[in-house]
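Each of the next two complexes has chain A plus one more chain, namely chain B in the first and chain C in the second.
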Partner chain A sequence: MIQMTNVTKEYAKNTAIKDISLTVPTGRIIGIVGGNGSGKSTLLKLIAGLAQPTSGSVTVNGEKANRRTGQFAAYSSESGIYYPIFTVREAIRFQASQFPDFNLAKADEIMKLMQLDPHMKIKALSKGNRGRLQIMLTLAREAPYILLDEPLSGLDPMVRDAIVKGMISYVDLSTQTLIMTSHEVTEIETLIDGFIALKDGSLHRMADVEELHEVEGLRIADWMKKTYD
Partner chain B sequence: MRQWSALFMKDFKLTRVVFFMGLVMNGLVALLTLTLEGAANDSLLLFVPFAIAAGIHVAYVPGMVLISLKSEGSYMSVWLHNPQAAFKLLLSKMVNGLIMLVVSLAWLYALARLVITPRLSLIEPSWTDAWSVGWFIFPHIIWISAGLSVLVMFLWALHQYLKLRIGRWSWAVIAGILILSGWIYALLTTSKLYGFVTEWGGMTYKFGVILPDTLQTYTGGYVFDFIMIVGLFILTAWLVDNKVEG
Partner chain C sequence: MDEFNASKPIYLQLADRIHRQIVSGELKAGEKLPSIRDMGIKYSMNPNTVQRAYSELERGGILEARRGQGTFVSEQRDRLAQQRVKLKQEQIAEFVHVMQEMGYSAAEILAGVEQYLNSAQKGDK
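Right, the complex of A and B next:
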């Protein structure tokens, strides 16, 4: 279970996260939504242990989140960056050497689904293919938490489709929890079970998608339009 | 071990271009030596480009480590998102730099032999002394280079930590810390206490005409430096594990 208690994250000139407390249940797909600069990526980095709270605490499976949280959480950054010195195949081998939960057979399957050439140098990949590579390297891990930062951002519809298929096919919700940030609220709405809405770094709402649909008769995008203005 | 060796290979790939460029530059030093030999009559000049090239190697490991860390800066979240302890991540870069340094020095030594041996008659009186100096200096270059590389790693980690908190002032703080620590180190090593703690296990070296003065080193001095290097390395690893963000 992921637990955040009174978490605030400040950078040099701004406060990215303001006093957020929440508990993320396991075995679900959670979307973190909000406008630009609302703190979505920071929240995900805090969970991944790649950022430390200025105050408050973040725990993953009862342990304080830090860099080594990578053992339990597979994280994919927004930028889609990876070592350009590697080919796709070498990147898979490197990732497999670092993470004991990396499933090589699964990586091969996802690679085929995403139509990635294993012999291609990463520096020669298009932005879309780098995005696919990141998703492949992340989903091939059998970690309890899969954290994806803007997996669909800036990608063409075909790539988005491949990534969404990958998320549906290769995340096992009986053992894994998927948390992703996204601007593409409409696109992820059918995928996610619950959402965390952020506004100016504060927790605006955390709810089930179904509850929003049934009780308020609204889709997330409509609810956001209504409450964010 | 497989985990670390994969990391080591990745770090080698990150800096291999610079490594091979360094080997080519050693070759250019050998060419320069041959040119100098033709231009001047002084046979001792044969040693000068090689001595300078060897001296520059003090900056080799810190330079390689910095290049490697700067590359990682572009993939910070990928580098940090790794289950291995920070000391292993850092050690991989340092060992890479040290192996490259040893290879580069060995290559320089081989080139020097190749260039100088056929001309042995020109420099026969200085020959034995020059190689003795070499055997004294090479391990010290490696030692100093290793120590400086740990300092570079520490300052880099500190900069990564500070830049998210104080922005561009981070560089000023780093420069301040560098000057201050240099001053404190100089003050410490000239103090009576330092002499009392380190001046044991003395060793003297004489190198004839090349270096007329007798050189003295102390085992205590090496032990002191070793403790400082290990301490700074542990602090750096702690910073990367707990304070550097991706």
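Right, the complex of A and C next:
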């Protein structure tokens, strides 16, 4: 379980996260949504233990989130792509050497599903294939938390579909929890159990998708259009 | 995603879809359904949602979970026959409700349906 209590994160000039308290139970797929600059990536980094709150606390399974609890979390950044001179195979080996929970057999399986060539150099991969590589390197970790920053952003519909199917195939919700930020709210609507909506760094709403459908008869995108102006 | 709408919980929409496939005979009595994960992959849908849809249909006696084997269409044919009638009545009730709201009389509705079916039949030949 992830618990945030009165979390505020300030950077030099702006406040990225304002006094957020929430609890994310395990075994679910959660989307963090909101406009540009609403604090989505910062929230994910706080959960990953890669950023520390200015005030308030973030705990992962009862422990304060920091670089050490980061071992519970497989984090994939929006921009981050590893070492351009590595081949796909070398990137897999490197990832395996860094994380004890990295499952080589699983990586191989996902690599095949994603039709990645193990001998290709990363710098020679198309943007879509880099997206596939990154999701493969993250999903092959058997970490209790999988944290993905904009996994679908800027990719064509075929790659997005492959990545969504990869998540369903290789995240085991009986032992894992998936949290992702996304602009593509329509795309993730049937994929997520619940969403955390941010607005200007504050918690705008946290709810189950089915609750939004049942009670308000709205899709996330419709609800956002209605409440974000 | 386009195939699902926001007016009803997604798990119920999936349950309805499976139910209709059983009524139409596309899924047969005793047939094994895809695993929860495979069904999730097929519709790009959260496995928790698929699980809820399966559970809903199990409660209705339409599906049966067999331990360690997966989920199957019930073999209780009387149950399936009952469900077939029930689904028909639900669809008719919905249609009639909309028609009555627009002010059509029972006679107009009946005549309209009959005419529609007759011309649809001719169209088939």
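In this text, the second predicted complex is superposed on the first by the 228 of 229 C-alpha atoms of A that agree within 3 Å, B and C clash if a C-alpha of one lies under 4 Å from a C-alpha of the other, contacts with A are read in each partner's own complex, and residues count from 1 in each chain.
Note that in this section a residue touches a chain if its C-beta (ideal position, glycine included) is under 8 Å from a C-beta of that chain, and two chains touch if they have at least 3 such contacts.
Nothing here was measured: the structure is a model prediction, and the numbers come from that model.
In the model built by aligning both structures on chain A, chain B fits alongside chain C without clashing. Once chain A of one complex is fitted onto chain A of the other, the partner contacts of A:His213 are limited to chain C, with no touch recorded for chain B. Within the superposed three-chain model, A:Leu191 lies in touch with chain C and out of touch with chain B [touch as defined at top]. Judged by the touch definition given at the top, the superposed model places A:Ile168 against chain C, while chain B stays out of reach. Of the two partner chains placed around the shared chain by superposition, chain B is the only one that A:Phe94 touches, whereas chain C remains out of contact.
In the superposed model, A:Leu50 lies in contact with chain B only, and not with chain C. Once the two complexes are laid on top of each other via chain A, the angle at chain A between chain B and chain C, using C-alpha centres, comes to 160°, given in steps of 10. The least CA distance from chain B to chain C in the superposed model is 27 Å. The contact sets of chain A with chain B and with chain C never meet. Chain A makes touch with chain C in their complex at residues 27-29, 161, 164-165, 168-169, 173, 186-187, 189-193, 209-210, 212-214, 217-219, 222. Contact residues of chain B toward chain A in the complex are 2-3, 5-7, 10, 13-14, 74-75, 77-78, 80-86, 163-167, 240-246. Taken together, the chain A residues at the contact with chain B in this complex read 11-13, 45, 48, 50-52, 66-68, 70-71, 75, 77, 79, 81-83, 85-86, 93-94, 97-100.
Those residues of chain C that touch chain A in the shared complex are 1, 4, 6-11, 37, 40-41, 43-49.
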